[in-house]
Every structure is written in C-alpha cells, then in structure tokens.
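The same chain A turns up in both complexes below, where it pairs with chain B and then with chain C.
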Partner chain A sequence: MQPFISVTTALVVVGAISIMLLSFGFFINKKLIKNSNDFLYAGRNVGLAFSTATLIAAWVTGNTTMAAPEQGYTLGLIACFGYASAGLPLIIFAPLALRIKKLMPNGCTSGDFIRIRFGKAVWGLYLLLSAWYFLGCLMTQAMAGGILLQALAGTPYLLGMLTIMLVCTIYTLKGGLKAVMATDYILSLLILGMLFITAVMAYTRFGAGDVYEGVMTLVPERMNLITSAGLMYLGSNFLFAAGEIFHSNQWWQRVYAAKESVAAKSFILSGLIWMTVPIVAGALAFVAISNNYVVPQVNMVFPIVVSQLLGPIGSVLVLIIIYAALASTVSSILTSSSNLIVQDIFKQLINPNISNEQLIKYNRVVIVALSVFAVALTWKQRTSMYQLLLLTGPAVASMVWPIAYGIFNQHTNRVAAFWAMLLGMSCGLVTYFVISSYAAPVVSAVVSCLVLVCGTALKPDQRFRWKDLNEVHAPKEGA
Partner chain B sequence: MMDSYAIYVSKDIFKFIIYGSIVLLGGTVALLLTMFFKELKNGSLW
Partner chain C sequence: MIDIGYFGAVFIFAVGVLMSLSVVVYVVFNYYRYKGKDAIDEK
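Moving on, here comes the complex of A and B:
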C-alpha cells in the first residue's frame, strides 16, 4: 500500500503534538506537583471538565477509530452500535463511582477494594489478571503507534513505536496524573474536533441519503440490524468493555481523583459523548461501500476513506486523531498500572510505611520499567498481539459481577467471588478456543454471575463491614 | 450469505443516526470548552 502522506509531514505533525505534551508535563511538574496526592490523584479535587475529558480520552483508543470503521465495513451498521455499546459500561459505572467515593474517600487503587472486600486470595488473582490486561493493552497501543506511522507515512515501524512510548513516558514521569489529565483534555478536544471536521467534510460531499442508497444497492445486508454476527459482536463487546472498566485501576484512579459531586456525572457524560465516536468513525465505512472504494486492507478502512475523500489533509487529520488517542491511552495505562504496582505490591508486601516522596519516586521507577518492558516485547512487530488482547476478554469479564455485587451487597461471599473469577475466566477461555472469541466474554460473565449469586445465597458473608473499606489512608502531605 | 431474519434501517433513520451523531459530536466539543472556562472562572478546575 502506498503511504498517504510524506515522512516530513508525518514527523512535523507528530513532533508538534509531542512538544505540546512534553511542555504540559514539564510545566505541571514545576508549577502544580506539590505532593504525592497531586502526582497520583491530581489533588483529589478534579472538576467536571477535566474529569469528563480524561475519561473520554483514556477510553478512545487507537482501536476505537480504526476498528469501528472496519467493523462497519465488514458487519454493517449493527457493528457500529456494537462498538458504541462499549460506552455503556462508563454510564453503568457511574453509581459505582459514587459509592466508591462514599465508601473509600481516601482509597488509592482498585486493588485496595478487592483486598479488603474479598481477602488476599481474590486480591492475588485480581492482580495477576489485571497485570495480564494492562501489559496486553500497553503493548497493543505501543505497536499501534509503530504501525500507524508506517502505514500513513512509510516510516520504519520502530520510529513510531519508540516515539509514542518515549513521549508518553516522559510527560507522565514529570507530571503524573495531573499532567495526564491536563493533556487528556487537549487530546480529547483534538480527537472529537478532528473527527467532527472529518465527518462534516465527508457527509457534506456525499449526503447521508445518497450513501444510504449506495449501500442498499450494493450490499443491503450492511443495513440489517439483526445479523447474527453483528448481534454477537454487540453483546461480546459490551461485556468485554464492562470488564475493562469495572476492574481496571485506570478508572478507579480517576474516581479517587474526581470531586465527589462530579464523579458520577463525569462517567455518565463521558459515556454518552464517547458513544458518538465509533458511530461517526464507523459511518465513514458506508461512504467507502457506497462509492465502491478499493480497500486492500480492511483494517485500514478509516485512513483509506478519509484520504480518498479529503486528500493529504484527511491523512493529517487521521494521524492527529489516532496519535492523540494512542498518547492518552498509553499515558493513562502507565500512571494507573504503576500506581497499582507500587501501592498494592510494594506498599502492601514490602514497605507499609512508605513516605510521600518514596511513593512518587517508586511510581516513576515503575513507569520507566513498564515502558522499557513494553518496548522490549514489541521491538519486533507481532501479528498475534491483538489476539493476545482478545484473550483477556474472558479474564476481565469474570471480574464484572464480583466487583459490582461486592460494592452493593455487604454479604457477598468472598470464596464465591474467588471461584466466580476463576471459573468464569476458565469457561470463557475454553469458549474462546472451542467456539469463538465473541462468545468468550459472554460465557465468562454468565458463569461468574451464577457462581457468585449462588455462593452468596448459600453462605452469605457475615464478617465484612462497610467501614472496613475506609481503613485505607492516603499518605499525609509532607509525610 | 444473508441472515434469515432482517430488519433494515430506513433512509430517514439512517440520516437521523448519522447527522444526529455528528451534531452531538460537535456539541460535545462546545460543551467541554464551556465547562472548562466556567470552572476556570470559578477556580474549580481542580
């Protein structure tokens, strides 16, 4: 496939965004980072604008803009809704966010909740599954950076991969969650704004009515809302996304960072806003279908359509949208996973009396270590990486019910929670290999729910008290 | 291969979905900017 833009143009665009991100990191480190609460939780008093924007930016990954058009192209409109259904878990998480703020106002990680609520066996299993997920995510985003620049400008794979990892590591290292949230605000404006401009330009040139007529003439089944593949994709994607959001420290860290009055609102608002992204991006696939565009690689539908429609400007818009999406996701994974490792492993198992300064220092060390690890594992482009990420579907879906049930039901049985996660994941993995990857998260969530509900009904937990969750104390300023 | 059952989206609904999503997307950019400046003015950004 021919490159869409010149190497110089790609480097200028990536360089400009990178300079902006690094400037934020250094500025925030100098002016706004006073203690570990600023570095790890952005001061725990974040307002609605930053809180909403950071949720959108973290949840719009490279996949959102690339896979939604691909799914629209191959499975039709129902798949665009299927992809958009990944925004629903953000909305459903809103009451949980409010409850987390009330029960654990000084909470530090998602691991805190799991450890206190369910005990060390579940906590250990949770940490293993969580590490599998965040490493898989980090690697796919790093690889996507390399593949993006390679596909758009023909640069070597390593250049794009190393650029995204280096830039994100440096600004995260300097400014912590506060820098990530500030840059997420800018990045979410870039993603939403550029996608809006792209869609307006595309649908001004080809009206939605003409596009509809074209699709109905050439491939009418793309407008069928009840295709079996599309409906399976919808259910699977929703449960996979619910697992990702409910368990991952990325979202819990943002709950702890937000003001109590905005925690739930920001999740609802970001979910609603997020859902428009895959629908608008996915809708561009119908322009390709109705105009009979040649699409040699189906996973490149988005850049192909936009560049054919808008020329080199379109390719620059694609580069900005996807680079911004990748940067926000990588930095979010780095801050949340380093926090989980330091707070849950180092603080709990090695040094419970860790000081404020040590917390920041160790978080920075782990951020660098995670980046180096991800770079080493993705030094060579791996074709099986996306499959590896899909394999985490059963793992994360098995954690939805234990977390949701455990937050609202005081008598949730902790042994049942352990087996719910283990059996849910095991059945999901068997389904993945024997039936299909789409069915795996569904089976995992159903098995996990049955085990948890039955176990709790048979033997309700009598030991746990809600006030136990408030035992978590963030380090005191200057400690 | 076509599925046995089918519910096709009508032209008007398709137009509503596409234009509605684009308008919402544009609206959210305006909403995020408004929230930012309002909180900046009130000193409640963070």
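Moving on, here comes the complex of A and C:
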C-alpha cells in the first residue's frame, strides 16, 4: 500500500508533539513536584477545567479514534451509537465519585476501597482482574501507535509502537499525574478540535446524502440498526465501559485528585463531550464504504479514510489526533497502574512504612517495568485491537455490581462479592469463546449481579462500618 | 462458536439493556437517597 505522507513528515509531527510532552514533563518535575501527593494526585486540588479535560483525554483512547471507525466499518451505523454509549458510564460515575470523596477523602487507590470494604480475598482477585484490564488496554494503545505510523507513512510497525511507548514513559516518569493532567488539557483540545475539522472537511467534500446513497448501494446492511452483531454490541457496550470506569484506578485517582466541589461535575461534563467523539470518528467509516476504499486491515479505517479524502493534510491531522489520544491514555494508564501496584502490593504486603521518596522511586520503577512488559506483549502485531480489548470485558463487567453495591450498601456480603466477581468473570469468559465477544460483558454482569444480590439478601454483612474506610491515610506532605 | 441466531442476539441485547438500566437506576436512586447526608453506620 502506498504511504500517504513521507517518513520525514511523520517523524517531524511525532517529534514536535513528543518534544512538547517531554518539555512539560521536565518543567513540571522541576517546578511543581514537591512531594508524592503532587506526583500521584496532582496536589489533590484540581479544578473543573483540568479535571474535565483530563477525563476526556483519558477516555478518548486509541480505541475511540481507531476502533470506532473499525466498528462502524464492520458492524455499521448501530456500532457508532453503541460506541457512544460508552460515554454514559462516565456520567453515571459522577454520583459514585461524590460518595467516594465523602467516604474516603484521603483515599489513595481503588484497591484501598476493595481491601477495606470486602477483605483480602476480594482484594487479591480485584488486583488480578485489574492487571488483566490495564495490560490489555496498554497493549491496544501500543499497537495503535505502531499501526498508525505504518498506515500513514509506511514505517515498520515496531518504530511507531516503540516511539509512543518511549515518549509516554519518559514524560510520565518525570512529571507524574500533574504532568499527565497538564498535557491532557492541551491534548484534549487538540483531539476535539482536529477531529471536528476533519469530519467537517470530509462531509463538506462528499456530502451526507452522497455518502448515504453510496452505502445503501454497496453495503445496505451497514445502515441496518437491528443486525444481530450490532444489537449484541449495543446491549453490552454500556456494561463493558461501566466495568472499565467503575473498577479502574485511572478514574479513582482522578476522583482523589479533584476538589470535592468539582469531582461529580467534571465526570458529567466529560461524559457528554466524549460521546460526540466516536460518532464523529465512526461516521468517517461510511465515507470509506460509500467510496469503496480498499482497507487492507480493519484497524486502519480511520487513517486510510482521512488520508484518501484529504491528502497529506488529512494524514497530518490524523497523526496529531491519534498520537495525542494515545499519549494521554498511555500516560494515564501508566500512572494509575503503577500507583495501584506500589500502594496496594508493595505498601500493603512488603513495606507499610514506605517513605515519600521511596513511593515516587518505586512508582517510577513500576512505570518502566509496565512499559517494557507491554512492549514485549505487543512486539508481534495482532489483527484486531478491539477484539483484544474485548477480551478484558468479562473481567471488568464482573466488577460493576460489587463496586456500585459496595459503595452504597453497608451490608454487602463480602463472600458473595468474591464469588460474584469470580463466577461473573468465568461465565463471561466462556461466553467470549463459545458465543460472542459482545455477549461476554452482559453474561458477566448478570451472573455477578445475581450472585451478589442473592448472597447479600441471604446473609447481610454486619461487621462493616463506613468509618472503616476513613482509615486510609494519604502520604504526608512536605517530604 | 455456537450460533445463537437472531433471536439469541435480540435476547442478549434486551438483557444487556435491562442490566445497564438497573445499574443507572441503582446509582441514581442511591445518590438521591444519600444526597447531603454523611455516611452514617446503621446498627
């Protein structure tokens, strides 16, 4: 396939964004990082604009920009709406965010909540499922970096994959969550602005009517809103996304970082804004279908469509959008996962008296280790990013009910929570391989809900007290 | 892979939507239930 831009142009664009990100990381490390609270929770004083922007940037992943068009291309219009429904869990997380702020004002990780609320067995299972998710997610982002540069400039897959991972690792190492949030602010503006310019340019050139006619002539079933795969996708996507958001330390860390007065508002705003992104990106897939573009790999729909439509300018726009989306997500996963591993495993099991300096040092070591591990796992290119991500669906969907129920119901049975997660995940996994990857989150969430609600009704927990959650203490400032 | 057919897919969709709505209703209901109150331990 003929590259759309030269390797030099691609490297100049990637280099410019990388230099901006690295400069931010170094600047923030030098000027603004005074203690581990700054590194891990951005000082716990983040306002509405920064909080909203960082939530948007973290949730607009390489999957949103690349997998939404992939889904639109393979499943049709219903998939675009299905993908957009993943914005709703951000909005629904707002009441949970408020409650978390009240219950655990000094909380450090999502693991803290699980450990105190449900005990060590559930906590151990949670850490395993969580690692399953963040590694899967990190792998898809790394893959997206490789595929992006390969599709646009014809560079080897490994070059793009290694570049994105290297740059994100370095700037996350330097500035921690503060650098991630500051860059997220710029990256989210960049993503939203560039994406809308791209969509307007594409539809101005072809016209919505022509695109519709083209799709109806060539592949009319793509406009069918009740295809079987599309329906399953639409029915499961909310539960999958809710699982991702409710359990992941990525979002809990942002709750702890935000001021109490803005935590809920920022989740609502970011959810509303986010929902437009997969619809706009996914809509471009119909331009590809109507023009009968050759798409050698479904992952490449977005870069190929925009580059064919808009020439080299389109390629540069795509490169900026996806690189920005990938950078914000990779750095966000790295900070939240390293924080979870150090606080929940190292601090709880090995050294409870860890100092502030050690906390930052170990976080940095884990960030590097996670990056290296993700690179090793994605060294070989895989066919579909989204199918890989869907493999985490059974794990995350099994945690939706234990977390929501555990946050509001004092008598949630901890043994039932354990079996809800384990059985939900197992049944979901069997469904993934036996029936459909789209049905897996539904089965996982249903089984988990039934086990948890029945277990709690039969034997309500009488030991737990809300005030137990207040035992978590944030690292002391000033170290 | 087992082919669950079109009605199987519709069933999965319906269950998925119901489960999603249950999560939304549960969270929103409890938000209003606890709005403005501290988390007080029940006996």
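In this section, the second predicted complex is superposed on the first by the 451 of 479 C-alpha atoms of A that agree within 3 Å, B and C clash if a C-alpha of one lies under 4 Å from a C-alpha of the other, contacts with A are read in each partner's own complex, and residues count from 1 in each chain.
The criterion applied here is as follows: a residue touches a chain if its C-beta (ideal position, glycine included) is under 8 Å from a C-beta of that chain, and two chains touch if they have at least 3 such contacts.
All values reported here derive from a predicted model rather than from experimental measurement.
Enquirer: When the two structures are overlaid on chain A, which partner does A:Val446 contact: first (chain B), second (chain C), both, or neither?
Expert: Second partner only, chain C.
Enquirer: By the touch definition at the top of the document, which applies to A:Ala208: first (chain B), second (chain C), both, or neither?
Expert: first
Enquirer: In the superposed arrangement, which partner chain does A:Val200 touch: chain B (first), chain C (second), both, or neither?
Expert: In the superposed model, A:Val200 contacts chain B only, not chain C.
Enquirer: Would you check which partner chain A:Ala457 touches, where first means chain B only, second means chain C only, and both and neither mean what they say?
Expert: neither
Enquirer: May I ask you to decide whether A:Met223 touches chain B, chain C, both, or neither, giving the answer as first, second, both or neither?
Expert: In the superposition, A:Met223 touches chain B alone.
Enquirer: By the touch definition at the top of the document, which applies to A:Leu48: first (chain B), second (chain C), both, or neither?
Expert: After superposition on chain A, A:Leu48 lies in contact with chain B alone.
Enquirer: On the A-aligned overlay, A:Leu128 touches which partner chain: chain B = first, chain C = second, or both, or neither?
Expert: Neither partner.
Enquirer: On the A-aligned overlay, A:Leu96 touches which partner chain: chain B = first, chain C = second, or both, or neither?
Expert: In the superposition, A:Leu96 contacts chain C only.
Enquirer: With the two complexes superposed on chain A, say which partner A:Ser236 touches: chain B (first), chain C (second), both, or neither.
Expert: A:Ser236 contacts chain C only, not chain B.
Enquirer: Identify the residues of chain A that lie in both the chain B contact region and the chain C contact region.
Expert: Of chain A, residues 228 contact chain B in one complex and chain C in the other.
Enquirer: Which residues of chain C touch chain A in the complex?
Expert: It is residues 1-2, 4-6, 8-10, 12-17, 19-20, 22-24, 26-28, 30-31, 33-34, 38-42 of chain C that touch chain A.
Enquirer: What residues of chain B sit close enough to touch chain A in their complex?
Expert: 2-3, 5-9, 11, 14-15, 17-19, 21-22, 24-26, 28-29, 31-33, 35-36, 38-39, 44-46
Enquirer: Within their complex, state which residues of chain A touch chain B.
Expert: Residues 42-43, 45-50, 52-53, 77, 178, 181, 185, 188-189, 192-193, 195-196, 199-200, 203, 208-209, 211-213, 216, 220-221, 223-228, 259, 273, 276-277, 279-280, 283 of chain A touch chain B in their complex.
Enquirer: Considering only the defined contacts, which chain A positions touch chain C in the complex?
Expert: 88, 92, 95-96, 98-99, 102-103, 228-229, 231-232, 234-236, 238-239, 242, 400-401, 404-405, 408, 410-411, 433-436, 438-439, 441-442, 445-446, 449, 465-467
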